[in-house]
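Below are two complexes that have chain A in common, paired first with chain B and then with chain C.
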Partner chain A sequence: MTTRERLAAVQEWVEVRVGISQLIEMGREKKVPLHRHSFWYYMGGMTLFLFGIQVGTGILLLLYYRPSSGEAFESVQFLMTRVPFGWLIRSIHSWSANLLVFVLFLHMFSAFFLKAFRKPRELTWLTGAVLLALMMGFGFSGYLLPWNTLAFFATQVGTEVAGRVPVVGEFALRLLRGGDQVTGATLTRFYGIHVAILPALTTVILGAHLLFVQKHGMSVPPQVEADAERAGKPLGSYPFLPNFLLRDAIGWCAALGVLAGLAALFPWELGEKADPFASAPAGIRPEWYFGWMFQTLKMLPPHILGFEGEVLGILAITLGFIIWFAVPFLDRTPRPGNRVTRAFAVGGWLALLYMAVATAMVYWPQ
Partner chain B sequence: MNWFLGTSAGAMCASVFYPVIRYLVPPDIPEAQTSQMVAGRDGDLKPNEGKVFAFGGQPALLIRDEDGGYQALSATCTHLNCTVQYRGDLKQIWCACHNGFYDRNGKNISGPPPRPLDSYKVHVVDGDVVVSKS
Partner chain C sequence: MRTWLFVTFLAMAGASGSVAQDAKTPAAPNAAKQESSCILCHKQLDGPALEPTKHLDDIHMQRGLSCHDCHGGDPTKGGDEDPSAAHDERKGWKEKPTRLQVPLFCARCHGDAAYMKTFNPQIRVDQLSEYRTSVHGQRNAKGDSRTAVCIDCHGVHGIRAIKDPRSKVHPTQVADTCARCHSDPELMARYGLETNQATAYKTSVHARAIYEKGDLSAPTCNDCHGSHGAAPPGVATVAQVCGSCHSREGSLYRETEGKKPGLNLSPAIQCVTCHDNHAVHRPTDEMLGIGSKSVCTNCHGPEDKQFKSAEGMGRAIQGLSARLAEANDMLDRAERAGVEINADRFALRAGQNHLVEARVLVHAFDEERFMAAVHEGMGSAETALTAGERAFSELRRRRMGLTVSLVVIAAVIGGLVLKVREIERDKNA
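Presenting the complex of A and B:
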């Protein structure tokens, strides 16, 4: 038996059991709409690619990381300075986390402005919003793991924010911290959340999200549909396999290049080991994607209408998230010219503008 | 029959989830109440200087006034729990997290902190700076 025949036999064995050719045929039959906003369709695949990078580099980091307040900082220091390419793996993990959240924001806002949440894609939106919350949870829990000063105070403030939510706050605070204060118990808990609980939840929700995308296909913006109808021309499309996937792959290669460049030119800093009895250092701030919330809490006065400012701020932000989750059920029949649709579009732009300005203020020299 | 099956299923779920939820919430471990401790030696701090020290598991701030007297306060910001520091250049207490300011007596004077810092008593006994709660 020649090598070629042997390979063909293996291929046949796999084909009978897995049915790869059926999957390929399905990919060829799946069509991706082609129009002036098609570019935004690539954001989902890019997010998935960066999530894959996070899983891969995260598993590698686990091999050296030690989740206790006495050893965490030292283990990351060892990884950065002594382990071959340790600095590269950690830097890629950190940079990729930031790019992932950035692309996720693009994906979410493009889905919002192009009305991709409308019937029958309400659950696609909801699972996507939950995935965004999970990714921010990954960012928040992962930030503490190196146990440095910046991470310590970010966790102190972040968990305190959760603790100020009326009724459930105290329960949430103790649940997150594993006690009343941020200690080694918090670190161990955040480690468990970061490497086990969030990945398990993400696997389920991501599976559902991809299933819904597969079931309903890609959404065509109502304006594009209306324009095509007016012109009397059917909308163009092209096959998912190989056309769309190959274009996706070009984006992934570019993203990998950007990540390698960022990691090599700007390796992620480790900072100083956390000291629970040191003052918060000047210039302290959270990761950029929490910046607008941080700035909001900073700008609010101590008291508003007899209530503590930060409590009202936290309630307003929570309400904003609830409205964001409920968008498909509030803007039910989005179409050009509809008053509710227009109000939501303006609200979305204002929210985006506020987030951008508040984030810029965090980095503005004082 | 449905009632019986439903109740059994509900009881089974409760018997699984109740221990899990109780397990997730850490037990209350009362810390040894420290009501008095030595924060340092008299003269360690220069006038118009401050330092953070651990007082019963919480950060506290000791400030030496320009006339040689001492002030001791909780170092936990009343806004969102960051640890404050004494700024000799401003003669004020500052929280770097959200730019909150307190005067030397712990009164919140600008920025987001909603309440003053708790203050402690300070005595100098045989050259030791002793801080005590009320």
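Presenting the complex of A and C:
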């Protein structure tokens, strides 16, 4: 039997059991709409690709990381200085986490502005919004793991904010910290959240999200649909496999190049080991994607109409998130000219503008 | 006389418990006593007689004492009908004390441990006995009214707690307070003293620590000379004065006393021979050696054996210092370029510790010990430099790896673009 014949036999064996050709055929039949906003369809695949990088590099980091206050910093230091390519893996993990959240924001806002949440894709939107929250949870929990000074004090501030939430705040604070203060117990807890709880939840929610995307296909913006109807021409499309996947792959390769450049030229700093007894360093700030919330709470006066300003700020941000989750149920029939739709579009742009300005203010030199 | 009615009740100058109690110690403080006829009358007067009423935030006032607690008299009498009624000698009224009397006047309270305890259980009451050991106190006892008494340093009225930055004896004010007399050429000429101490002190590393860094633990006049016992250092050696802060240098120096020929310097000039007394400048490695900034060559000429030692020691410590600076710079640049070098800084810190140790060991005048510290420091510096070179080599490898990766990625992207075009061209065809 020749090598070619052997390979064909293996392929046949797998085909009978897995049915790969059926999957390929399904991919060929799946159509991706082609119009002036098609570019935004790549954001979902890009997010998935970066998440895959996070999983891969995260697993490699796990091989060396030790989740205790006495060993965490040293284990990351060892990884970065003594383990071959350890610095690269950690830097890619950190940079990719930031790119992932950035692309996720693009994906979510593009879905919002192109009205991709409308019937029957409400659950796609909801699972996507939950995934955004989970990714931010990954960021928050992962930030503490190197146990450096900046992360320690940023976590202290971040958990304090959680503790200010009315009614459940104190419970949330103790639940997050594993006690009254940020200690080694918090680190171990964050580690568990980062590598077990969040990945488990993400697997389920991401599976559901992809299932809904597969079931309903790509959403076409109402304006594009209306234009096509008016012109009397059906919308163009191309197959998911291979056209869209190959284009997706071009973006992934470009992202990989960007990540390689960032990791090699700007490796993620480790900083100084956290000292719980030291005074907080100047310029503590959270990861950039929490920046707008941090800045909002910072700008609020201590008291507003007799209520604590910070508490009101937290309630307002919580309300904003609730509205964001409920968008498909509030803007139920989005179409050009609809007043509610227009109000949501304006609100979305204002929210985006506010988030951008508030985030910039965090980094603006004082 | 009346112009100084409210003069001289003092806080900080004191007396021992054995002080003659020629006047009654004031009764326990009572804040209500502040409203007295003394203030009411003196507020209506002009010139120096008005002066005491301007200092109602005096620490004694704050603690509930009033004019009559120091000056006697009857604060319930007086007023427009008979202003002199308050100055009732039967109620202990006294004219203001003369400068010679001031120390005892203050010590009536400040030397009374039982009384002072009612304000602060830890307060000192030995100021007068200390004062009597000082040049100021000894001259005062001999009838020299020009030497400093309590009020010259602490003020007359408006006396503030030492910790109060407005106090004339706060660390930031002491040099100026002493300089009021010690920079007065006319006054100092009587005692044959120079007047450049304060000016010289203000150029010193100690003064910079106080005035520029706000470090109140840095020494000012009284930390070396004593406060109430102010005198030129009267201890066995100057090394003990400097050694009270610079303890390791002091103990190393004292170890050599009597053991090293040529080191039996006069007790008054030991540390100051190299470091000066008031104008103590930040020591540099150039002070050791035979260069233009060397202090060794002030005493040792080329014919001395010590000259050769100084030359070798100077070269060694300056070499170590330069090598460590080079290693530090290299690690800094590597860190800025993104290489993790925290662990490698241990070697650098060890080298810096050896440098500090060598600088301190200069005071032992033991070339062998000194060279051993320098040698160990050099070893650490070389380790840090090797780490720096390794970091730069790593950096070069990373950039090379990045270049290769980007070329591969670009090639894959190019291939994918071509493939997409091919597929879509076929479809369109």
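By our rule, the second predicted complex is superposed on the first by the 366 of 366 C-alpha atoms of A that agree within 3 Å, B and C clash if a C-alpha of one lies under 4 Å from a C-alpha of the other, contacts with A are read in each partner's own complex, and residues count from 1 in each chain.
Simple rule for what comes next: contacts are C-beta pairs under 8 Å (C-beta built on N, C-alpha and C of every residue); 3 or more make two chains touch, one makes a residue touch a chain.
This is a predicted model, so every value here is computed, not measured.
Residue contacts after overlaying the shared chain place A:Ala264 against chain C, while chain B stays out of touching range. Of the two partner chains, neither chain B nor chain C is touched by A:Asn98. Judged by the touch definition given at the top, the superposed model places A:Gln223 against neither chain B nor chain C. By the touch criterion stated above, A:Gln77 is placed in contact with chain C alone, chain B being left untouched. Looking at the shared chain after the overlay, A:Ser68 reaches neither chain B nor chain C. Contacts of A:Arg247 after superposition on the shared chain: chain C is touched, whereas chain B is not. Contact with neither chain B nor chain C is seen for A:Thr188 once the two complexes are overlaid on the shared chain. Within the superposed three-chain model, A:Asn338 lies out of touch with both chain B and chain C [touch as defined at top]. For chain A, the partner with contacts to more residues, out of chain B and chain C, is B.
Interface residues of chain B facing chain A in the complex, by the touch rule stated above, are 24-26, 29, 52-54, 57-59, 75, 79-85, 95-99, 108, 111-114.
The touching residues of chain C, counted against chain A in their complex, run 338-344, 398-399, 401-402, 405-406, 409-410, 412-413, 416-417, 419-420, 423-424, 427.
Per the touch definition, chain A reaches chain B in the complex via residues 153, 156-157, 160-161, 164, 171, 174-175, 178-179, 181, 185, 276-284, 294, 297-303, 308-310, 366. Against chain C, the residues of chain A that register as touching in their complex are 77, 80-81, 87-88, 238, 242-243, 246-247, 249-250, 253-254, 256-257, 260-261, 264-267, 269-270, 272.
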